[in-house]
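In what follows, chain A forms one complex with chain B and a second complex with chain C.
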Partner chain A sequence: MKTSLKRVMGVVFAIALVSTVTVSGPVNAAAKTLTVETVFQLTSTDPARSFEGTGNMINRALYETLITYKGGDASTPVPGLASKWTVNANATEFTFMLNPKAKFSDGSKVTSADVVFSLNRLKNVKGNPSSLMNGITVSAKDEMTVVLKTETPQPQVLAIATSPSLGIVNSKVVKANGGSDAADAKDTDKALEFMKSASAGSGPYVLKSFNLTTEVVLERNKKYWGAAAGYDQIVVRNVPVNVQRLNAIKGSSSLAVDLSPDQADGLGNKVNVIRGQGRAIFFIYLSQNKTFSAATAFTSNAKCLEAVRYGINYKKIVRYAGEGAIQAAGLIPTMFSGSLGQKDAIKQDTSRAKEAFDACGIKDTPVKIGFWGDGGAVNGIFFASVAAMIDEDLRALGFKPKLEGAPLAVSLPLYRENKEEMGVWLWNPDWPDSTNYTESFSPGTKVGLRAGWVKGADPVIEELQARASTETNPKKRAALFRDWQREMNKRGPFVTLLQPAAILVSNKNVKGAAPHIIWTVNLHELKPTA
Partner chain B sequence: MASRFGNSNSIWRQPLAVVGIIIILFWVFAAIFAPLISPYDPLSQDSDKFLMPGSLHWMGTDELNRDIFSRVIYGARISLPYSILLVVLSAFLGSIIGGISGYFGGRVDAIIMRLTDMFFAFPAIVLAMAVAAALGPEIRNAVIAITIVSWPVYARLVRGLILNAKQNDYVTASSLLGSSSLRTLVVDLRPNLAGPVFVLASLEVGNALLLLSGLSFLGLGAQPPAAEWGSMVSMGAVNFDRWWVGLFPGLAILSAVLAFNFIGDALRDALDPRTAKALRD
Partner chain C sequence: MKVLRGTGFFPFIIKRILTSLLLIFGMTFISFCITQLVPGDPVAANLGNSAYSDPEIVAAFEKEFGLDQPVPVQYLRYIQNLSDGNLGISLSSKRPVIDDLREYFPATLEIALIAVVIAMVLGLILGTISAITRDRLPDQIIRVLSLTGVSMPTFWTALVFFYVFFFLLGWSPGSGRLDPGAEPPPQVTGMFTIDAIINGDFATFRQAFSYLLLPAIVLAIYALGVLTRFTRASVLEILGNDYVRTARAKGLPELTVIRRHVLRPALLAIITVAGVAFASLMAGSVLIENVFSWPGLGQYAYRAAVGLDLPGIMGVSMVVATVYITMNLIVDILYRVIDPQLRKAEQ
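Right, the complex of A and B next:
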């Protein structure tokens, strides 16, 4: 009896084993999983509260926005939940017609009520991204039409509408789980915990599990209304950069997103290295505040500015920044409307620079150059190295530069409070539109003032700034941005240096990866190769 | 008293001490004759980068294609003099404070010693970072910062020695004869201190060098483009695939610190057998 029981158990076990092998084998092969490795910059997957890089990448796949961008582009909006949209003549009213096919992951229809709820919730929970909604009011015209209004002309609303923070949530589901869009939502909205356990969007993927420190797992949205997702599952893992590199070489990850150009060299033949442009613009500026110090009496002088502008060996800096990096021809990065081409980039002209240096009069006055010094780096570019290159070039002209790098906590306030003679810094866009640059670098604006460049300092540039901020015709806008930058390149206190590369390293069995400045990569565009 | 060079503890009889002295002499020689020894200008940049060590660049090149061998040699000009200056400054400051504390005793002593306790309680590098950040990152300020954190060791030592020496009859006699406090401290008590303070200082040079390199590593010491060992290691740490960028300056720090410690140990055995014994027990 005992033996026969054993035998039966053995047979049952064997059958079970065989069936799991035969059943799970093919299923596993078909169940395609994508692993994305990144250093987490993540707080939650609640679109109204998340404003960080990794959060944007994940939310771009879970939630959809009214309009969005395709591939690596960030200048021409394409339909998202809205199939059509119109802008009034002075850019104060933006009307979006929702796509009637759009459905949430629970199968319910996306309506204007969901959009109004989502955007008001974003505004009222007062999280990091809430400032995107500053000056914007949202209302529903009918069940399928939404209107965004601003008091002053703000053509950048279209760019803002693409931010994953403006992702549309299923209002019924979020309300049922403690969500609120009321004016006091900061205290009354309790949906954050729910939004870490599940998603309530209309995107191609849904949230399966969320762990702030290790991994976030997404699953294919089976009821997705658009083109089906390429993978059954996406695992986004928190992995240090050196391990990302190692896993890419071994071929054990699908996508690594944080490697610098130098780290992306010599990865072997299992991966594709996709180089796009990073969104940062590195620049050096000269204080225009004549009375700040002995040196600024000279740095505020047009000849000194000319000497620096034509004295820098841009080629050397670009080479240092690695493959894919380019010289910044102007302040506006290449992916935005009205960016300048390489033919507009300043070329080093040492004789012109030397002449300007002699005319400037700074000669033996030492000039301090501030920067982020304690290993400060963005896209693998170290401020200390960039400063060392500039130091060499300026010395060759006769300047007496004195580099003063410091930890960000020390150096950033000096820069922000207009207490530097010269500085090497960078700018990352607050919103993906060229107006972010005209509104931040013109005389009397945020960064303009950091360089001691007060309102009225350059009427021509200020007029171009004003015209660009209200122009709604895309072609005329782009032309205004280009003119603004060309004038800035003649007289502005900012000398643009470099736009670094942004690099995606994808396994050869993944296609469709394109670096994006807001969401790093669109996970929905990734597909397995056949 | 047996000759210092003849007795059994003589520094010259300790092989490690000799090794230490040779290493330090090497670095001193390198610092003095840096322009003659180094094949390239330590600051000159060009278009290549990260060349492997080879016949042209013995230790390879860094991210701006500066020759690492030349930079390591020139680095001795910053790291060595500044760490010695540092030790001299903190020994001087610490001895004065400790002397006052030990000689006057009572409330003065209590206050000064609690103050040194506070400094001891703080991790040196954290305190130094705070001071350097507040003063502004510059090698001079790093020296000030490290002096501020390293004087208490000397203060404590000197206080102990003074307390001990104060009880000698000749000190009492000197006071009775009407010497001022200053005269008693400087003329009568000072000679008791020289040996132990010198020993401690020689042991501390290595520490000072490490702290100084540490601050530069963190971007709070030497400024670019200066060739400083700590900041060179820092560049190596981020370019970990290019082992040569950080390895050679790291070895330079290691060798100098080790050498100073060898010498310090030997000096202690030779000059201050009592402390040596106490430390051994």
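Right, the complex of A and C next:
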């Protein structure tokens, strides 16, 4: 007993000694390693299946698209794998000429066959981003020319082509590892595991290792055909937001991407805080399904809508969202064509709202407000807090709201299946173009239907939607988007609340960070300052 | 069957193992029913806005994960696959749950083992000191500390420790299991410290150990509080026995009395608590793993729960239930090994 006790004490002492010696080392010893910290939204690095924030950021560095955007811009496409492109007059045919210098990380040339394979694979695996290819067919005109065709005019195809999900893979490598672009690829494509262990793209970085919960490590693509990557290695780590903040202050991370405006204050002198406009639009909606419940008989009433629209204290909500956030004047965010200026934003008018409330007849009928309630937050803005502010404003008018927050897996289906009376939600664009909003929020479209707003409910708005989706003249398009939003602000069931700020916190030894609405930040544009 | 009717040590073990298997089977049924009762939709939780609006993508998703089948069929398939060692495919990672568990379980096991060692060694020492200095200053201090240990919420302790030891003092290297981008050792057990030693890579061992120490200490705090209080109570009870008084009257040194006549019988009860504490450490690491970005079972469970990843949830439930059942089995076996009265009764 005596000996064993001594042994135990010896082991404890040794452990303490070893730990004291080892814990003081530098966190990141490699000279040219970039450490990016984020809360993972990640399923894989297979471009045909990945459609989440972190996945987009990583895939943007691994796989190149035909065209892309520079810096934080999301409106003017620049060459990617295609050096030139043309669009026919009615926006149904998009021809891309591939850059002959473009090559994959194994040194082989990027050809039209690779593009056709990649886009058909995306379409046919029926993964999360597959719907981006709805209505689009792809064909090879020759070895270096690709044509994308649509049946109806779709000017947004250029914006869709920039999505990292449309990243071009090395077809030979992916096929050799079980990949398929056939019509039955949803059953026959077996390349997912391979795509999580290695990359097969032409981007400035290649995949070194992938772990769904800890980190994804990228290495410099030594055969990259474009401007050289800034770092030998990029480590994208899954780190809680509070720890991101501490690491940023300590200077032990290169880039933190999830801090809210409040968290980005007082970070000290080791970092640069880059503020941009967030991509999300927070909104509240009122169900137009008259027969769903006692409350929706009233929420579908134009006067009820008016009461809510003019009863909300928007300034308070924007203040809560922190520096850089703005009131959403319409559904289309500021970075897109046809977004509305602040002069178009709805101003709180409590007397008008009270009059409308009296006229709508809802009186004491309780109305449930659904939202993502288990601490759900985006850009540091908690849905529960926004819902509480709305609750307060509606109560002041005479409404009897009942907040019904729930975990996302519970609340999201209720919203998507039009089983809420009112709801506080947000919209992130699937592709960076204003059509994403006209095609999603008009009567009879997906979010429109979530609000019980069926096709034919508002012919004026529907006509504007139809015209905007086919208009190819940029100025006329922008005007149509503005008109569509103004009409939506008058009669639509959606009351837009705010557009948050997007914040990147980069260590001072990193330059080139610019927030982007689709891929958060372009890792290729990040370079060491020295 | 003859073996099962016996009353000896081996029939006891065989009976316990069979009961454990039945328990695990019952647990799968209960877990499956509960996950089905959750008012959520795994399809909505796992598909994006556009994909969810595309019936073809929804159908492909449901088919891929067997969600297009009636619930009883889903359960029968689950059991059928389970008998082949197949726990299904995770909805979030899109790979076999068994592979996920193979990756995440050892990470949690690693901190839980260190935590239980810390809790047991210190708990035994502090509990004994507290008992033999009853109502004096050391006892008062230890009682306050152990009460604090059991009262502090784990997430709060984790945040405070991380802030103090990583941010303010710089003694801890931070979150994760290794430095960013560092190569983990070749997998044998999945526990980086052990694998590094097996591989003879002491630099990686030191790094892995420095990362796991702080989360392990935080994880140990609650169990340490419980074990200290329990040891104190057990030792106090035994100190009042006649045979302890006799040993003292015989002139044995106090340390020998404590070691031979007090701690040994007290150990029996302490082992029971330690077993349950270890199992609860395994199950209760969710918040700590989140704060320290520790890629263990807790993080996996959280991810599975948030994404309504039913196979993932079932897999975690299976592991946690198996750990509890195994720990109880080990404790029962140890009881028989340590307690001569039980052995005698069996004979």
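Points worth noting:
Basically, the second predicted complex is superposed on the first by the 469 of 530 C-alpha atoms of A that agree within 3 Å, B and C clash if a C-alpha of one lies under 4 Å from a C-alpha of the other, contacts with A are read in each partner's own complex, and residues count from 1 in each chain.
By our rule, a residue touches a chain if its C-beta (ideal position, glycine included) is under 8 Å from a C-beta of that chain, and two chains touch if they have at least 3 such contacts.
These numbers were taken from a predicted model, which means no experiment stands behind them.
In the superposition on chain A, A:126 makes contact with chain C only, not with chain B. Contacts of A:301 after superposition: neither chain B nor chain C is touched. Within the superposed three-chain arrangement, the count of touched residues of chain A is higher for C, of the candidates chain B and chain C. In the overlay built on the shared chain, the residue A:246 is in contact with chain C alone; chain B does not reach it. In the superposition on chain A, contact is made by A:235 with chain C only, not with chain B. When the shared chain is aligned, no partner comes close enough to touch A:68: not chain B, not chain C.
Of the two partner chains, chain B is the only one that A:377 touches; chain C does not reach it.
Looking at the shared chain after the overlay, A:391 reaches chain B, while chain C stays out of its contact range. After overlaying the two complexes on the shared chain, residue contacts for A:409 are found with chain B and with chain C alike. Shared interface residues of chain A, touching chain B in one complex and chain C in the other, are 242, 407, 409-410. Interface residues of chain A, counted against chain B in their complex, comprise 242, 245, 262-263, 315-316, 319-320, 373-377, 382, 384-385, 387-389, 391-392, 402-407, 409-410. Residues 38-42, 44-45, 47-54, 56-57, 60-61, 64, 92-95, 104, 121, 159, 162-163, 166-167, 170-177, 179-181, 206-207, 209-210, 213, 259-260, 290-291, 293, 295, 299-300, 303, 306-308 of chain C are the ones that touch chain A when the two sit in their complex. Partner chain C is touched in their complex by these residues of chain A: 1-2, 5, 8, 12, 15, 18-25, 27-30, 33, 35, 43-44, 49, 51-52, 126-132, 134, 186, 192-193, 211-215, 217, 233, 235, 237-240, 242-243, 246-247, 249-250, 252, 407-410, 412-413, 416, 427, 430, 440, 446-447.
Interface of chain B with chain A (complex): residues 43-47, 49-50, 63-64, 133, 136-138, 218-220, 223-225, 231, 234-235, 238-241.
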